[in-house]
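The data blocks that follow each hold one structure.
In the two complexes that follow, chain A is the common piece, with chain B as its partner first and chain C second.
Right, the complex of A and B next:
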C-alpha cells in the first residue's frame, strides 16, 4: 500500500514537472542576481530592494519601458560564484542585462556573456579595465571604477595635507579576494608618485576575524586607513577601528563600505567615518516620491520597505535607472519597443545622462551626469566623499564630486585590457 | 522477479570476477552508458551542462577520490578543497607555461602533481588517526588555499589573484573557455570520469584495494598479517589526491573558467560538501560516490525549481527553506540510513528480487 502511494505521488510529480512550460517572454527581461542570505546579505538586501522598487514603479507609472513591461526574476546567489553561474545560465535567454553585484561573479560572467551576447553592467565594481569599451564590448562599469576610487581617496588625503603626503603612511584594509585586490596596483603606482608608504592588510572571507589586522594598525599607526570591504566585514572593521580609537575622519571606505548598515553597529564610535560615493543618500528626490506613490503606498514595497532612502537602496535605484535608460535609448535608436539583447547593448553604449535627462527621470542632483561611448564604458569617473554623523544618524556629503588621477588610471586600464585582449585574442573595436 | 539471479551460472573465473556479475546490471549499465555517450550530447544545452551535468561529473570524481581515502582506507580527510586547488593551479601554471600542450595531458599531469602533494600531507597519517588526522588535513586545506592566495607566482602576478583559463581544444573542438560547446565539455568530463572510475573500481578489487580495507578495518591486525601501513596509507593518499586533483583541474578549466582560490576552494564550498557526498552516498562504495554527488549537486537546484518555479515562492524564502531542508535531510539521513544511498539501492535490489511476491 505504501509503495503504491509512493508511486502515485512520484508519477503525479513527474507529470507536474513535465507539464511545466516556461512562461512566454514578451516583455523586457532584467534578471536579478541577488543575495538576501549569507554573510553579504546586510548589504545585498537594501540594494536588491532598490532595484525591485524602481522596476515596479516604472511598470506602475509608465506601464513599463515604452509600453513593454519589465520582468525582473530574482535568483538568489548567496554571493557564491557557482550559484551565480547557475542563475546566469537559467536566466540568460532573452535577458537584457545582468547585474551580478559581486566582483567574483562578474569576472566569471565576462567571457560567458561576451560569447552569448548578453550585456553585463557592473556599476562601480567588477573588472576595472572593462572601462575600455574597445576590448570589452558587452561589459559596462560606469559611472566610476575602483581605480578612480583609489585615486580619489588619495586626492582627498592630498587635499587635507595641502598636497604633501611624502611622510605619510596609508594602510589598505581589503577583502582578500579579487574585489579587494583591485585597488592595490593603483595605490602602489600613486605611492611612487606621491611618496607615501603603503601598508597592505588583507582580511579573509567573510571578514568576521580582524583582530590581527587592527592590532597591526595599532602598532604601526598609519596616518590613514582605506578600506575595500563588503558585507559583515565593514561593520567589524568600523567597530574595531572605533575600539582602538583610530581617528575616524582618517578612515575612508570605498563606496561599498559606506552604508548605514556598516556604521550603525559601531554606534557613536563610528562618528566621522568617511566613505566615497557616487550617489546621494536621502529621500528628497522626485523618484522617491514616485516610488512612495506607486509602490509603497500600495503595499507593494520589496522586502519590508525599511531600507527606503538608505545609501545602498538609493544606489540600487541608480543602477536600475541606468539599466532602464539603456532600454529607452535602444528603443529610440532602433525605432521599436521590442528590443533584442543586441539592440539593448547598442542602447547602453549611447547612454547620455545629462543633468537635464537626470532631472526628467526624477534624479535631479542625485548623481553627477555621465555619458557612455564606444571607447569609454567607465562613465565619468566622478565620486565624492561623504561622512557619517552618528548623532543625527545621517550621511553628509562633504566634498564636491571629483575626478581621480586619470593619467595613472587610464594608463593602467590600457595596460590591463590589452593584456586581456591578447590572452583572449580580441580585436579592438571603435576605430 | 526483476532481479532474478536464478539460472545465471558463473562457469569461469572471468565471469566470477566481472564488475557486473548479473545480466540485469550489465544491461542497465550499458543502457546508461549508451544514453550518457550518445543521447545526452545531442540534447544537452548550456543550462544542463553548467548547472547540473558537468558539476555532477566533477564532484563524482572528487567524491571517488575522497571515498578511496576515507571510505576504503579509513583516513578521514577535510583537505579536499586544498587538493582541488592544487589541481586547478597546476593546470593553470602548465597551461600558461606550455601553451601547446594538449589539455588532457595537462589535466593528468595536474593530477600527478596533486598526488605528490597528497603524499606529503599524508605523512602525518602514519602517526595520527581519526579526529586528529581530520584536523591535520584541515590544516592542509587552510595552508594550500593561503599559499595560492599569498604567492603571486601561482597566479602569474595578476592584479586580482584570479586565474583565467584560455581556450584549449581536443580534435579541434574547444573544450575550455567560454566558446566551448556544451556537448564538448560534457563529453570531455564524461570520458575522464568513466575511465578513471573503472580504474578506481579495479584498483579497489586488487591487492592494493584489499590492503586499504584491511588498514581501515583494523590497522594493527593488518600490519601483523603483513600489510605495510606506510606504503598502504601513502598509496591511498596519492591515488585519492590524484582523483581530487583531476577533479580540481576540471573544476577550474572546464567548469568555471575563472577562479579565485579563497572563494572557489573554500572549506564550505568544497571540502564539507564532498565529505557529505560520500557520507550520504555511502562510505566505501563506488556507486555511493556517484549517488552522493548527484544528490548534493541537484538537491539545491531541484528544491529551487520546485519552490520558485512551480510553487512561486520568492527566491529568498525558497533559499531559507532550502537551507532548513538541507540540514533536516542531513540529520534524517544519518538516522534512517547511516550507510547512505548506496545501501538504499541494495535494499531496493533485494526487494526487487522478490517482487511482486514479497513473502
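Right, the complex of A and C next:
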C-alpha cells in the first residue's frame, strides 16, 4: 500500500513539476499546424522542420524572444480542413499566432480567429484579400499573395514576348480546392487586359492521375502552362509535361510548386521547369550557420536534418523568423517581454524587415525586404522566378525579385475585401 | 482521317492504358476476396509498402534509421550505395511474403469464422498500421523509383500516326506513355500466369477449392491457413507490381496508398470475384473517365471529372447489376 501511495505521489510530483517548468519556460506559445503524415507529408515535413529548427535556435542562442522562451506545440492536420479547425480550437488559448499551412484551413480560421483575437499568418497563401488590413485586422499574408503571384507569372511571360501576348494561350492547371482556385480571378482579369486566352484545368485531390488533363494540353497546345499544385499533383504534372514534351521553360509553378520534391521524380525531364519563389534555397546564410551550431551540432535537429537548406525548409525558416520578429516588435512597442495575443498583433502590424534588419537576423539576401502596415498586410508583393537545373539538381534564380500588376491586384483586393466587410459587418479601420 | 477521330482513338487508347494500371490494384483485391472472403482495404497500402521497401533496398537505406538514431543517438542512414534492381525486387518479394505470414499469424488466424464486416474492419486497421510502419521504416520523403522501365511519350507511335491526318492539318501524332505499354504487357503476363497457376497446379486447384467453399476444402484436407498465406503473398506480389508502376509514374510517396480508391469502382463494375472482371472493369473505368473528362468536362464548372466520374459509372452499374459484370450471381432464397 505504501509503495503504491509513494508511486502515485511521485508521479503526481513529476507531472506538477514538469507542468510548472513548461509554464515557466514557455512563455510565448506559437502552436504549429503541421502535416507530417498523409499524402502531403513530403511537403509538410521539411516546412515544419524549418519552423522547429528556427525556434530551437532562438531559444538556444538568444534564450528565447526578449528572454521569453518559445513553446511550439505541434498539431497534426494531415492537410485536412476539419482537423485543422479542431487543432486551432485545441491550441488557441494564449496562442500568439497560427500558421495554418493550408488555404482551406485559413479560410475557416479567419472568422474564428478574428472573433477570438488570435493572429493568423498565412505566408504567401490563404485568402488573398486579407492583404487589406483595413478589413482583416487579425490576418496577415505577407510578403506576397497569390494574386501577386499570378500577375508576376504573367509579367514574366510578357517580358519573354516583348510585352505582347495577345495571340497567346495560357493554361492554368490547378489543385481543385480553395488554394488552387485563388488565382483564377486575377488571371481572368489579366486575360482581358492583355488579350491572352485562358484555359482552366482543375485536378482533384490528390492528383495522382492527370492523364486526361495533359491530353487536353497536348491537343490545345497552350503557349504557357501555369500551375497551382501541391503534393503529388506537382510531381505527376511535371512528369506528364515532360512526357508530352511540353517545353519546360514555358511551364511555371507557383511558389508551392517549386520544391526539390516536385522535380526530382521527373529526373532529366524536369530540366528547365520554372517556379516563382519569395525566398532563396541553399545554406549560405548566417541563419543556417547558427542553426547548425546551436541545434544540429547538438543533435537537436528536427527530423533527421536531411531537409536542411531545401526550398520548403528555408521557407519554414523565413515564416518562423517573421513570427518571431512580430513578437520582438510587440515587446518593443509595449515595453514588456510578457506580451498578450493582442500586443503580438500590434507587433505584426509594425514589422519592418528592411535589408539591414534581415542582415541582423541572419537572412541577408535571403528574401526581399518588406514592411507591414495597418493598411497593408500583404507585404512587398515581390517574387522572383527560379529554374530547375536537373543536371546539378539545383534551383537557380533567373530573375530579380519583381512586382506584379498592382493596378489589377489592388483593385481586386479592394473589391473582395469590401464584399467580405459588408457580409461580416466589419467597419474599415486605419483611417 | 479527321483529327477529331484520331483524338478520340488516342483518348480511348490512353483510357485503356490507365485502366490497366487500375486493374493491377484491383487484381490484388479480387484474389484475397475470392480465397478468403476478405475485402482487403489495405491493398493500396500494400502497394505503397512494397514500393517503399523496393526503393529502400535499392538505395541501401537502413530500416527504422530515424527511430534508431533518435533512440541511440547514432547516425545511421545507408548500408550501401545501391543494389541491383533484380536483387532488390527479389528481396522485396521475400519481404511481402513475410508480411503475408505475419498478417496471417497476427490478424487472420484470430478472426476465423468472424463476420465479413469484422474482417473488413481489421483490414482498415491493418492499412493504418502498415502505413505507420512504412513511415517509421523508410521515412515519408518522396522517393525516386527507377527499375529500368522506360517512360515518356512513344516517339515511334507519334511518327507512325502523324501521317494519318489530312495533309497540312495541325496534327502532332498520337500520344501514349511507354510506361503504360509496359504496364499492359506486365498485366497480361500476370493474368496468364495466374490463370495457368490456378488451372494446372495442385496448389492452384486447392486455391480454387477454398475460393468455392471453405468448409468443403477443409473437409478434403486442404490447409486453410497455408492457402491464406499463399493468397496474401500473391496479392503482396501484385501490390509490388502495382507499386512499381505507380511509383515510377509519380515517385514513391504516401499518396500512393490512395490508388486503392481507384480500384473500388473497378471492382463494382467487374465483380469482386473475377480476375477477368478486374481487367475489363479497369479498362471500362479508364476509358469512361478519360472520355468524360475530355468530351464533357468542359460543361461542368467544377471540372476534374477524371477523378469522380468512375464512381458515377459504378453507381449506375450497381443499380442494374449489383454483382458486377463477372461477379457471382446473387441468388436469394426465401
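Please note the rule applied: the second predicted complex is superposed on the first by the 405 of 431 C-alpha atoms of A that agree within 3 Å, B and C clash if a C-alpha of one lies under 4 Å from a C-alpha of the other, contacts with A are read in each partner's own complex, and residues count from 1 in each chain.
As a working rule, a contact is a pair of C-beta atoms (placed from the backbone, for glycine too) under 8 Å apart; a residue touches a chain by one contact, two chains touch by 3 or more.
This one's a predicted model, so the numbers in the text were calculated from it and none came from an experiment.
*Asks:* Under the superposition described at the top, does placing chain B and chain C together on chain A give a clash or a fit?
*Replies:* In the arrangement built by aligning on chain A, the partners chain C and chain B clash.
*Asks:* Look at A:108 in the shared chain and tell me whether it touches chain B only, chain C only, both, or neither; answer first, second, both or neither.
*Replies:* In the superposition, A:108 contacts chain B only.
*Asks:* For A:362, using the defined touch cut-off, is the partner it touches chain B, chain C, both, or neither? Pick first, second, both or neither.
*Replies:* In the superposition, A:362 contacts neither chain B nor chain C.
*Asks:* A:126 contacts which: chain B (first), chain C (second), both, neither?
*Replies:* In the superposed model, A:126 contacts neither chain B nor chain C.
*Asks:* Looking at A:84, would you say it contacts chain B, chain C, both, or neither? Reply first, second, both or neither.
*Replies:* Neither chain B nor chain C is touched by A:84.
*Asks:* Just to be sure I read the superposition right, which of the two partners does A:229 touch: chain B = first, chain C = second, or both, or neither?
*Replies:* Once the two structures are laid over each other on A, A:229 reaches no partner at all.
*Asks:* Applying the document's definition of touch, where does A:219 land relative to chain B and chain C: first, second, both, or neither?
*Replies:* A:219 sits against chain C, while chain B stays out of touch.
*Asks:* Quick check on the superposed pair: does A:299 touch chain B, chain C, both, or neither? Answer first, second, both or neither.
*Replies:* second
*Asks:* Given the touch rule stated above, what does A:36 touch, chain B (first), chain C (second), both, or neither?
*Replies:* both
*Asks:* Return first, second, both or neither, reflecting whether A:244 touches chain B, chain C, both chains, or no partner chain.
*Replies:* The second partner, chain C, only.
*Asks:* Between the stretches 77-85, 221-229, 239-247 or 311-319, which region of chain C is in steric conflict with chain B after the superposition?
*Replies:* After superposing on chain A, the clashing stretch of chain C is 311-319.
*Asks:* Taking the stated contact definition, name every residue in chain A that is touched by chain B in one complex and by chain C in the other, in rising order.
*Replies:* Touching chain B in the first complex and chain C in the second, residues 36-37, 176, 204-205 of chain A appear in both lists.
*Asks:* Show which residues of chain A lie in contact with chain B when the two form their complex.
*Replies:* 16-17, 20, 34, 36-37, 74-76, 78, 80-83, 85-86, 89-90, 92, 104, 107-108, 110-112, 114-115, 176-178, 181-182, 184-185, 204-205, 416, 423-424
*Asks:* Under the touch definition given earlier, write down the residues of chain C that touch chain A in their complex.
*Replies:* 7, 10-11, 14, 18, 65-66, 69, 73, 77, 135, 139-142, 144, 146, 151-153, 172, 175, 177, 246, 249-251, 253-256, 258-259, 262, 289-290, 293-294, 297, 302-308
*Asks:* Considering the complex alone, what residue numbers of chain B touch chain A?
*Replies:* 46-47, 49-51, 55, 149, 159-162, 164, 166, 177-179, 256-258, 260, 262-264, 266, 269, 300-301, 304, 309-310, 314-316, 318-320, 323
*Asks:* In their complex, what parts of chain A are in touch with chain C?
*Replies:* Per the stated touch rule, the residues are 36-42, 45, 176, 200-206, 208-213, 215-216, 218-219, 221, 231-232, 235-236, 239, 242-245, 261, 264-265, 267, 269, 299, 303-304, 306.
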